[in-house]
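Same chain, two partners: chain A is paired with chain B first, then with chain C.
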Partner chain A sequence: MSGAEMTPGRFLRSVLAIFLKDWRSELRTRYAISALLMFVITTIAIILFSLGSEGAPADALSGMLWVVIFFGAMSGLSRTFVMEEERGTTLTLQLLAPASAVYFGKLLFNLVLVLGLNAVTVLLYAGFIAGFVIRNVPVFLITVLLGSLGFAAAATVIAAIIARANTRGTLYPVLSFPIMLPLLLTVINATRLASEGAFFQEAAGEFQILVSYIVVVVAISYMLFEYIWKD
Partner chain B sequence: MAVKILLGVLLTGVVVLGFGLPMSPAPQSWYELPVIPGLEEKARIIFFHVPTAWLSVVAFLTSMLFAIQYLRKREPIDDIRSSAAAGLGFMFCILATLTGAVWAKFNWGSYWNWDPRETSIFVLLLIYGAYFSLRSAVEVEEKRATLASVYSIIAAVTVPFFIFIMPRIMTGLHPGARGDPEGAGPVIEFKMSPNMRVIFFSSLIAFTLLFYWMFTLRVRAARLEAHHQSGD
Partner chain C sequence: MEGRLTLAGEGLKKVFNRRTVFDNVSFSVATGSVLLITGRNGSGKSTLVRIISRVLSPSAGSVRLEADGMTGADPWQTRIGLVSPYLQMFEEFTATENLSIAMGVRGLPFDSARADSLLERVALYPRRNDPVRTYSSGMKQRMKYAFALLHEPPLLILDEPTSNLDEEGVGIVRAIMEEQRAKGILVVATNDLADVGRFDAQVDLNERR
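Right, the complex of A and B next:
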């Protein structure tokens, strides 16, 4: 394999090249971006309609934010791998780049998408849902940042699996939910702490769990990706 | 054959003794089980419910180990083993959930309370469900085996996080969990008398043998089926 003689510099360049390739083709069609954006707007509108003039407890609202983000992520993040299968470009990519470079390139692309998705969701959510108040903003921002990293990490490897399974959308949330549940429970808890105005020290345990989750998921995905990717 | 006889003897013994031995508030002789306050006759479930839950975890780990083995050696038999273990694990997981839910109705007043262990077994059920949905979605055998193996390894790696997350979110209702007025710790150490421990550990051994026996049966059946299909 050409992966053996790869220097770190060449490896980083091919990661970046794959990221840029996906980014350019995304900008051409804007499929994932528009899907994500419309999903977030529709879901927040549904929440607003169903709440009506009544508020909901802060606990429920901080949980609901992550429900929107979870299903938003599920609607757009499988795109990067499914697209390769649909266009029949998987084989070319297998020949051109080592599997790990493909993995990190796609991870980077999904990370950018999730960060964008989360920024838009949080802004809309905080702007339109009156009962959602964050009393400790730094804790909340760290939660969203680490949450995005975790979502991108777990979503990327599951997306690779479902793209190879040729099942498209239906299985994606089914396979992702048990893997993401530790992440979801932790970010929901951290968001609740942030909305209650807890100090950084109180949320530090949550952050430790998030960081170790990200490290573990990225490491295991990196180790297993070659088996998913190669025929 | 020896396994089958040992299994029969052990399981019969556990069932007869677990249900049959009388309970008394102040046990005098070897055959009387102590009454545990708050559990009373309902304590007998520990001889059957805990080993079932234990098996669903053993099966989960077995399935993961054979998944790793499959990815290393690419022998179809390892995938057969991995999915056979997962199938048994799924069954015992359902049994543990149902027996636990019925017991919870009588001890805690409702079938489901989202106690940490209930949440964990729910996650295990979801993982097994997802694993088999993935298997049924892929038709090419080799691809199915690879993808299922990868998924079961990823699932096994993320499950341990619940050990750290659960105590931060909720207190437990299970006997011996954090929040138990009688103190937290393994139930075997502070609530079980020596004779209960003998039955309990015999039951664990019996259930493990049961798993081993059913596992070899399933693997043999799956192998025959594979032979039969390729023969035609």
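Right, the complex of A and C next:
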């Protein structure tokens, strides 16, 4: 059932209510936040210990930042759909809202979670990893923002697909990797440009790829979500 | 405001992994009527209930809910109330919060006075601020009735309506069924005919395989 059968105002209220339900539930259970934080802290600590006093090239450090973010996201972003499936509330949501409202509500929740995760990861990474220097901060911030949007968009629809599988824990990163590969390569390249102090014009091509990726993933998810969600 | 409501199923068939659960199921009921669905365990009563509730697609056939004055802007979700053993509440939230979430997710305003009166009716008002996970199975079943009736649905679907309920709970459910019969359509899936009383149409799934 598409959201077109609801008035726009009612549709937006529905999306916001799904987001708020998940957010209040998360604040009570702290499942995703705890998983994400623990992963980020332990991974950065391991990188710190393995590098020791020796530095690493800027290219490698840019890549490692997104490795932390990718696997951090994999540890917590599937929760929004897996939780509904485990508690048997998928049917309850199907009864209450059209599939598209559920998709956008969950997307909004994952976006807020990824933005929070990325803010904490970047602050810890920049604070503890000595060789990681950003010479063009606006380019880096746009990269993180667009990267977060891309991660949330892809992670949400993949979480909906894997939520009903028995092997959902291992399936999530395995299925996500090929879908997120273009996103990962682009954000790693844009982060390298920001750390080298490249101008905005030099990174514009990367931003165009990121925006295209987000638009394509959200549009395809919107069109396919009803089939993933219903049967 | 809607006029007379009609619920009709036509040539419904459901196949799971090449196994036909039921085939060629048709029915039609209107406002003021009760549709009874019967059949032994595994005959597909709950599957048919899910199809009527529009949370499961049939392999063939269709279900229509039509009313005089029905507009395309009103989604299906505001017209159905469902009580079933596999319907779960959001257990980390209280009864009142669950009702508020249900209305919010439907995109409708929450009427706290109506929520309170429904919780009082199902005798959960004193426990309205406790998380649903602390409820007994009978209390959860009562909670599902408040959840299903909050938006005053013209179509109420009950799957095993009295499971886990005590005598007082069964009395409350029978009164709810009588009211629904008078103002809308009631669909009941059960093998306990004492649950239903009078009915106007029947689908016996034992004959539809």
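Here, the second predicted complex is superposed on the first by the 225 of 231 C-alpha atoms of A that agree within 3 Å, B and C clash if a C-alpha of one lies under 4 Å from a C-alpha of the other, contacts with A are read in each partner's own complex, and residues count from 1 in each chain.
By definition in this document, contacts are C-beta pairs under 8 Å (C-beta built on N, C-alpha and C of every residue); 3 or more make two chains touch, one makes a residue touch a chain.
Computed from a predicted model, the values in this text were never measured in an experiment.
For the composite obtained by overlaying on chain A, chain B and chain C can both be accommodated side by side without a clash.
Look at A:M38: by the touch rule set out above, it reaches neither chain B nor chain C. In the superposition on chain A, A:S25 makes contact with chain C only, not with chain B.
In the superposed pair of complexes, A:I161 makes contact with chain B only, with no contact to chain C. Contact with neither chain B nor chain C is seen for A:V215 once the two complexes are overlaid on the shared chain. In the superposed three-chain arrangement, the CA centre of chain A forms the vertex of an angle with the CA centres of chain B and chain C, and that angle is 100 degrees when rounded to a multiple of 10. In the superposition on chain A, A:A17 makes contact with chain C only, while chain B stays out of contact range.
In the superposition on chain A, contact of A:A204 is made with neither chain B nor chain C.
In the superposed pair of complexes, A:L224 makes contact with chain B only, with no contact to chain C. When both complexes are overlaid on chain A, the residue A:M6 reaches chain C alone and has no touch with chain B. Note on the superposed arrangement: chain B and chain C approach each other to a least C-alpha distance of 5 Å.
Common to the chain B and chain C interfaces on chain A is no residue.
Chain A meets chain C in the complex at residues 1, 5-7, 9-14, 16-18, 20-21, 24-25, 28-29, 87-89, 91-98, 101, 230-231.
Against chain B, the residues of chain A that register as touching in their complex are 154, 157-158, 161, 164-167, 171, 174-175, 177-179, 181-182, 185-186, 189, 205-206, 209, 212-213, 216-217, 220-221, 224, 227-228.
If you check the complex, the residues on chain B that touch chain A are 71, 123, 126-127, 129-130, 133-134, 137-138, 143, 146-147, 149-151, 153-155, 157-158, 161-162, 164-165, 168-169.
Chain C meets chain A in the complex at residues 50, 53-57, 72-77, 80, 82, 86-93, 101-102, 104-108.
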